[in-house]
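Some structures are shown below for you to check.
You will see chain A twice below: alongside chain B first, and alongside chain C after that.
And then the complex of A and B:
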């Protein structure tokens, strides 16, 4: 089920190139639009489909086994923190679902480089980097130390 | 320098009717090139097929007045203000190039056909220079920093591909137009002839290269944007409806 790009809709912003975990979304040398360079390696993760601001990327099954006429379309609304799906079956039935994906504003999550470099002593701690303050809690429950026999 | 008609000064070695014929040939080349491009890619067939598919899948009828309103909105957003770009930097760069090129092209035609002699109102050469500078600012910004293969793929800006034919010929044409104007003002005839020759060469590549460059996007991008609006309006779009709940806690 590889992705493909509607060339008339793509504006060549490159967001799919950035997000593709398989590094198969690249820029065409003739039209400077995105395209899938290796459909066999597509994970069908829908990352590029969700990220495309022009809704120019779609996924289709191989004609020899996937039913024709179906479609799976997705709309990510960053400002609402939601993702909606529209599933069209081959017999014409249509189902729509909407899911929340986050509650904090888009772009508000700090990247690891935005945090201060941890102290070397932190290696001896059972906490992960920047815990517990990054999780916005005062303490995290930990196991009691092992009793010496 | 910026207030005298550069095309009037070349009449010392090139009669005005030669440049007028050249402009006519370039308009012809763009018309033929666009038609050839449309036939080769079957763009008109594609949009007609999409239009029929959309009409067949429509869940509501879009009236003539509503269609006209969608067309006006497409012109206002996608054409006049390049609203389809999600990256504001690309939008600014595109607007600079678009309006700069229109100004530069219009003033070139006016100066060649209406004022072929030195008695040209100052506004025309001034606008010609402003248009050229706008194209160069937007164009070089795009070429070195915003081109997606440079910004996202990490390629060198000097690694040229066929998709660069339009931007490279546009930038070269406008750059050499200003170089030619400068050396002409300095009074060196040989340098003027060389710079003018290079300017004409790249301008010819720009307009004759239409079937191989992305010049035709001026015509099919608004068509695609209009089609998308019609699909949303008549209910034939296969995209989900927008969510009615906002999950962001502020």
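And then the complex of A and C:
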């Protein structure tokens, strides 16, 4: 289901160009709007669809195996922390789902630099950052003794 | 040489350079910063770390979580599981190391805002299976990327790293990496005291089932272009288990995940006549692999084998019987979210073909092979193990350092440590990140130096496909057929055809043998020569050209390893027709290879398997 862009909705902002993991959303030089330059390298990951402020990007199932007439539309709302899907079948049936995407405010993660500086000697230990507290067990497990053969 | 005139060379110096901003790379950035507050940590990524790597799309489960806080599993249990699934061969020290740290990683993810589903009765994380927990993971990657951005000194997006740089004075020490900006075409020279490669494994090395518009809908991301191996092999890093490619049984065409359907929703697979087929093939499997047939759960490759035999016997298509298990709204939502979080394309296949999983079953099929180090497979670099539990011959310095000094790896890069998935890859990145800090601290003033002549040579090499195109296109009127160059896509399709037909792809039902592999190597060597004649019409195609280089290096390694291992260790992943049985007498070993850049020769070795867990 490669992406395509509706001519009347795209304003050429380039958010899709910026986010596409496959580097296949490019700006058409004549129309100054985005389009999918390599549909056969599209993973249909929806990164561009979700990022488009104009909802100008949609998908049409891969021609090799997806009959026409379906649509899977998405609305990702970061401030609400949710994503909503509307799935329309070829025969007209519709299914709708909403799922959470994040439980904390965007940008709220602490940098590792915000934590107390670890003891220099701990660099030689096998413990990683925030251990053992973050493990939620008392100590980092070590190799169990092997039974004698 | 007009095309070089405006091209600048930018130098970026750092203490630690991280290549690839997926889960491995993000974990490395986070941990390195924790231990080295003033170090310059540079993260470079060919896409945008907000949505890059195998988890760009999202995920619906975390497949590696022990649950030690509830006594659900111990790290040694996970070693036994991974070892069984890989038919006896994993680096137990590396798997143990990830398993003992991974819970802390997952707890941090939850604290950062990743929604993890809870079991209403127990309050614990909802288990999909013994090792898997269910998440609302659409934004899994953006959350992890946020943590990495806060940790790194600088993040360079849209830089395709093409080669590693070696130290001028010490030939086996890494000194950085080079690449180019896919946006402005400038060359980037990253000089660093230590380098961590967290790049991806390989999709599109074997011909995929869809070869038209749908060729991008592979199971593994099409942007996973084998840079994890393509960067390491040419500089002589020792590689292991490169023959251990993975084949996945998934929903047909969309490649939707099956884990939640099998394990959580308790759906089951049948042949076209509604019969459960796995027990039927047990005796045959037992004759091929002996005691390994009795491992529970049945190893992934052996389940594939049953499905393949059933299809060959004319009992296909194979179906997932979804219609019996979606009896509540909650279960239906779990089933759909499983796709919408990580494989929207499967939802589209169902919508387009009028398949409602509540009403009818859905086809399953085995995929084309992929090469990676983080799933139910363990191709990658031979790495030094953890100081406190790796056997002596698995240790030569710093944890997760490859055989190249100062060169570390995480995720798909590191071989032998199967079943790490997203959480384990991040954890392995953390391990490598801390080790790299230790390495540069110990290094003192003895820093690597880069040879200017080498940089100039690489600059010519990197941009040559643009020149090939500029010159060659004037010879022809228009179109894609040139006598002097081939496009990256044309080269990729040749690679996929060679690997598919000679090295155990779908067209031979994953079968190969010595003559086929030798013929494959012959054709690969010509493809390698033709890579000097790739033509790229723009910077995007130049990225494709270098992705192809990485895939071809990896493909040669895969083929040589497959030739070297004279047995069929993982039926269902691939078969050696000339050595159709598992052979523990001669092949209870890891395969190893090292490429010698001076002579162009590959040195193959057997590496010992130590069982440190009963």
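General remarks:
Keep this in mind: the second predicted complex is superposed on the first by the 102 of 149 C-alpha atoms of A that agree within 3 Å, B and C clash if a C-alpha of one lies under 4 Å from a C-alpha of the other, contacts with A are read in each partner's own complex, and residues count from 1 in each chain.
Going forward, a contact is a pair of C-beta atoms (placed from the backbone, for glycine too) under 8 Å apart; a residue touches a chain by one contact, two chains touch by 3 or more.
Model, not experiment: these values are computed from the prediction.
In the overlay built on the shared chain, the residue A:26 is in contact with chain B and with chain C.
When the two complexes are overlaid, the chain among chain B and chain C that reaches more residues of chain A is C. Of the two partner chains, chain C is the only one touched by A:40; chain B is not.
After overlaying the two complexes on the shared chain, residue contacts for A:18 are found with chain B and with chain C alike. In the superposition on chain A, A:102 makes contact with both chain B and chain C.
In the superposed model, A:89 makes contact with chain C only, not with chain B.
After overlaying the two complexes on the shared chain, residue contacts for A:75 are found with chain B alone; chain C is out of touch.
With both structures placed on the common chain, the touch criterion links A:143 to chain C but leaves chain B unconnected. Chain A uses residues 18, 26, 71, 74, 85, 88, 100-106 to touch chain B in one structure and chain C in the other. Across the interface of their complex, chain C is touched by residues 1-2, 18-24, 26, 37-47, 59, 61-72, 74, 76, 83, 85, 87-91, 93, 95, 97, 99-113, 115, 117-118, 123-124, 126, 128-132, 134-137, 140-144, 146-147 of chain A. Considering their complex, residues 8-9, 11-15, 17-18, 26-32, 53-55, 71, 73-75, 77, 79-82, 84-86, 88, 96, 98, 100-106 of chain A touch chain B. Within the complex formed with chain A, the residues of chain C that make contact are 30-31, 33-35, 37, 46-48, 50-53, 56-57, 68-69, 74-76, 96, 100-101, 103-104, 107-108, 112-115, 136, 138-139, 143, 146-147, 150-151, 158, 182, 210-218, 221-223, 253, 333, 336-337, 340-341, 344-345, 347-354, 356, 386-389, 399, 427, 430-431, 434, 437-438, 441, 540, 543, 612-614. Taken together, the chain B residues at the contact with chain A in this complex read 46, 84-87, 90, 147-149, 151-153, 161-163, 214, 220-221, 223-224, 228, 238-250.
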